[in-house]
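Take a look at the structure set out below.
Chain naming follows the written order as A, B, C and D, and within any one chain the residues start at number 1.
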Amino acid sequence: MNEIKTDRQEFYDRIGAHNMAPLWEVLHGLVTREPVSPVQPAVWHYDELRPLIMEAGTLITAREAERRVLILENPGMRGQSQITRSLYAGLQLILPGEVAPAHRHTQSALRFVIEGHGAFTAVNGERTVMSPGDFVITPSWTWHDHGNDSDAPMVWLDGLDIPLITMLDASFAEPANAEQQLVSRPEGDALKRFGNALFPVDWESQGRASPIFNYPYVRSRETLEALRRAEDPDPAQGWKLRYVNPANGDFAMPTIGTFLQLLPAGFATNPYRSSDATVFVVVEGSGETRIGNVVLPWRAHDVFVVPSWASHTHHAGPEAVLFSFSDRPVQQKLGLWREQRTA
Amino acid sequence: MNEIKTDRQEFYDRIGAHNMAPLWEVLHGLVTREPVSPVQPAVWHYDELRPLIMEAGTLITAREAERRVLILENPGMRGQSQITRSLYAGLQLILPGEVAPAHRHTQSALRFVIEGHGAFTAVNGERTVMSPGDFVITPSWTWHDHGNDSDAPMVWLDGLDIPLITMLDASFAEPANAEQQLVSRPEGDALKRFGNALFPVDWESQGRASPIFNYPYVRSRETLEALRRAEDPDPAQGWKLRYVNPANGDFAMPTIGTFLQLLPAGFATNPYRSSDATVFVVVEGSGETRIGNVVLPWRAHDVFVVPSWASHTHHAGPEAVLFSFSDRPVQQKLGLWREQRTA
Amino acid sequence: MNEIKTDRQEFYDRIGAHNMAPLWEVLHGLVTREPVSPVQPAVWHYDELRPLIMEAGTLITAREAERRVLILENPGMRGQSQITRSLYAGLQLILPGEVAPAHRHTQSALRFVIEGHGAFTAVNGERTVMSPGDFVITPSWTWHDHGNDSDAPMVWLDGLDIPLITMLDASFAEPANAEQQLVSRPEGDALKRFGNALFPVDWESQGRASPIFNYPYVRSRETLEALRRAEDPDPAQGWKLRYVNPANGDFAMPTIGTFLQLLPAGFATNPYRSSDATVFVVVEGSGETRIGNVVLPWRAHDVFVVPSWASHTHHAGPEAVLFSFSDRPVQQKLGLWREQRTA
Amino acid sequence: MNEIKTDRQEFYDRIGAHNMAPLWEVLHGLVTREPVSPVQPAVWHYDELRPLIMEAGTLITAREAERRVLILENPGMRGQSQITRSLYAGLQLILPGEVAPAHRHTQSALRFVIEGHGAFTAVNGERTVMSPGDFVITPSWTWHDHGNDSDAPMVWLDGLDIPLITMLDASFAEPANAEQQLVSRPEGDALKRFGNALFPVDWESQGRASPIFNYPYVRSRETLEALRRAEDPDPAQGWKLRYVNPANGDFAMPTIGTFLQLLPAGFATNPYRSSDATVFVVVEGSGETRIGNVVLPWRAHDVFVVPSWASHTHHAGPEAVLFSFSDRPVQQKLGLWREQRTA
């Protein structure tokens, strides 16, 4: 046995010199029966983070930082700027009067507003003023900048597909030649032009992302209520919505799926798992999520993450609303996504 | 020459006995250089029709008629229940307390409300209360009924693809076993569940039509205003919108395209033609449409029709809003649709 | 009752003056429970037709006729150049040395070769030489001409969507400025470039029709045999294939579906019906088709038609191969197509 | 400055305790102007590797190894079983009489045959016998096994999307309960059933991969010749084909794009780059590829890799044929793929 090992090791060394390695030594680590991931369940409590975020505002300007963001790093993958294997998340602070200068990149970004009123995101010549619970997108390769014309700080969660783009070696980025893009259309206009299921007759989508770039919370919340009136909650999900690109019925962004769900007071979901590791933001209420032996307690503004294929249950205290995002559109486009419910 | 004719005629008789005919005698009538149509430009003035519509209400009940509708027949094709070659249009009256009983058919139908408030259409277990300018659909093979719980008559325009379905020999219909379907969802709910670009996460479209079945005028009109603020009017169309199925970005119905356009006061469009004969309903304002030597004057509630490939211009008096519908989705799905603008 | 009739008739006259008519008098003829069609089952026996087709060759030249075709007219719709409500069929003769001059039109055409070897169809700068059983397409708005460089007559069946295009008022046509188009690519090349499931890397489909424009019988027949080896015959269809556009998996043409089926010797199918009236061409063998009380006997080269929703069975004598075509792609794109099998 | 650094570092330590990190310290490494990759250009010369591959055959059996493969590791990413960031490649040996036992996994695999005749791959109840130049796929989650009934070793290149699946945490795998799957269909049948642009009429694709699972070299080579006859070579690519799924016109596999290109003798391509790092296998001929200052000489059976966005030229000695694969379908589905040609 020992001798065989030695022979093999000697062979491995020789093939190694030719940039080769034996598959049989690593096959079961590469092609696993179920996902084997460094991603750990984790929660970030906003009341603990908020002072640190505000302190960041005193340490560096938005202009110097380009984006003043504290990355939320998965505890199982520290130092890699990832909250899951394919996704990045961070909390961005923009102070009154500040500007986050215009740039564009192939990475798609979502913003989910945590606190503050009146800061804006500008995309493709149009500004949208943001409020808590608003879901804002800056699609791949669109110019975008942010500013805060209000008198209070604004904090939002950034979600990007940075690790996915890195894995594809497809990162392209460009700074604008001006700090802020020219605004060529009325503020908040895209929602009215594209959010009412009527499109300009000759308009054709220029990309794969939704032409709506701000899904305001007031509309989303109203939709949750309509769903609640129309049907019983799903045992595993409560009432759950998917943000949609009305130009094709697909997800709002091609690489990141986004969801909003309502759990009635006291609701405990049935166990559920899916192959897309998911980041949750608590919008309203409080409760906890159980993943195996791990219990993640949460309340409004907290962020937590559930790994791929980890069976979990949510338990709402008072009525709760959860925003979430994952790489589900990528997995579905490639024929890989799975889910499992346990009654 | 005469002899040849005679020879040929004798041949035609002999092949005729075998259910055959010579193509060369009819080829240029079958495959024409441009559309050669019996469809004529025409206008129906609502102020002339309204007394007749109301008189119909005294002649026959909705129940006896099943649908109390006066068909708008193209003057070039009388007796054929067609407003264009592929489309049917009629004006339907429903009186207070009346019911148009539940049935379903493969023909797709649109309703565009002309006058009245408070009557309803029920589709798939849900009622929507209708108001002027609302665009309501009853998709192919969906149960639908109408009722009027208000204290005034309601009149709407019905648009159906009856001639198309007839040409395909694909008509199927079924009466319901009850006059009115059971209402299982809150009134007006579909718009909130599907009209805000968020869908229930596990919902999948059951057909090709929009899950929104009432596009209320208040939202459509607001969208026209947003378009007006965002861009200049198109020289041939003014500001023109297309009603969209947000589940796939296609038209709201697979066989009938629907549009809403705004012409500012005094606006005269450039000449335009397209291969889809189009039925217009005047929602607001007045003006006229010129098609060759024909001038069709119109004001609110009038209906007029422009034949396929007929170059035309619209001239608005005061600001005008036009609803229109055609078979454009069919032509586009089959790769046939054309349009032409003249500067 | 009489009086009411009279009142109503008087009303109908008055609304008639306004181009209106009462729906309730015609509703059940417009929206029928099942298809109600003038299309009749019918068969054309090639041995009876062939002398007449050849006689046509002495009466008129291909050049004078533009296309020397005997239209197959459904006996239920004589004088309308239709074999079903939406489709046209005819038998075309081209004699040695003749040319059918180049033109293009929005109508899509298929050719299914009945007899002869060595005539060609040219489409988009490429010629394909045709043999019996070959299925050749000339997609909408493509230049095409035919010629016969062989020393024997060739006869093929033409199938076009003429009635559909007429109903849509979407006929456009154009003669070429030369009798024959310039041939810019090697003969028979398209099949090799597009028929092997490899495409030029930067090629994009210019229309909705297949880039393969000749599906030779030798390949199609081989595919039938492969299907026979792989699975049992379908009780209602035998082994049945659908001609496919490999650029999108759809039918070979957007408006006309085409099929090839193999019935083993003595096979009797279970009853079957579908909402697409279907034209059959017998390629090999003989047998009969029963539609209600009607029995249509057929042998090689015969053409027969089964109306929409008419339940029918096929009974093969010796092994038989049937080519067929219908408007099924249109019905499927519009969500209308139905089929029913009876065990 | 130093003090600020210190302050910041102290802050970073404090936020690190909360699983947070400052974006501004890493932003330009995460979102790069152009792809910044550890992937290096590299070539593996088959004449050097072949003795080692054969030696592997004496060290371990296919049964013990499950798959006896020598992984080709990119020299810039040793120890990670990757040839590019998203793709895995290896050379698999199967000796006469051996079996590579049946299993299935979510990873998609391609085989490109380097040497040997007569070994088979079985997928979904059907075997295909393989020859040099054949391109064989085992789609995601399909049972597959390999065997060699010939009297000579067979070597093929395996290409899989292992790193992509790992990044998505979407690996699922399952061994079969028998070493070899039951063969339920005739050998080589899929190509005839699905490769001739006719499909069984009721067949519907069960996944996103091509129903053809062996694209034999004899057909692919013939297609290259047809392209050569029809058009001039592209200055940057020669004559280049894309393997196609005829059920939808997409790539043969949803995650891996595959190509075959012909460079005439002495042809030197113009510089070209694209955002998909690409693995090449030399099928015929010899030549070299220049990437910046790096020159990769190659001859038949060699494998080489070009990183993402690396401008390169190919120079053929005698006429050469190159097979290649990359993650281009993923990038295109997500709207990320770019290419650039320099005249």
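Note that a contact is a pair of C-beta atoms (placed from the backbone, for glycine too) under 8 Å apart; a residue touches a chain by one contact, two chains touch by 3 or more.
All of these numbers come straight from a predicted model, not from anything done at the bench.
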Which listed pair, A-B, C-D or A-D, duplicates the contacts of B-C in over half of its pairs: A-D
Where chain A and chain D are represented by their mean Cα positions, the distance between them in whole Å: 30
Distance from the mean Cα position of chain B to that of chain A, given in whole angstrom: 43
Mean-CA-position distance for chain D and chain B (Å): 52
Chain C residues counted as touching two or more neighbouring chains: none
Chains grouped in pairs wherever the two touch, ordered by label: A-B, A-D, B-C, C-D
Contact footprint of chain C on chain D as seen in their complex: 185-186, 189, 192-193, 195-202, 205, 210, 212, 215, 219-220, 222-223, 225-227, 229-231, 234, 237, 239-249, 252, 259-261
Contact set on chain A toward chain D in their complex: 7-8, 11, 14-16, 18-24, 26-27, 30-37, 39, 42, 44, 48-49, 52, 55-56, 59-60, 64-75, 78-79, 81, 84-86, 88, 90-91, 105-107, 140, 162-174, 207-209, 254-255, 275-277, 307-309, 327, 330-331, 333-338
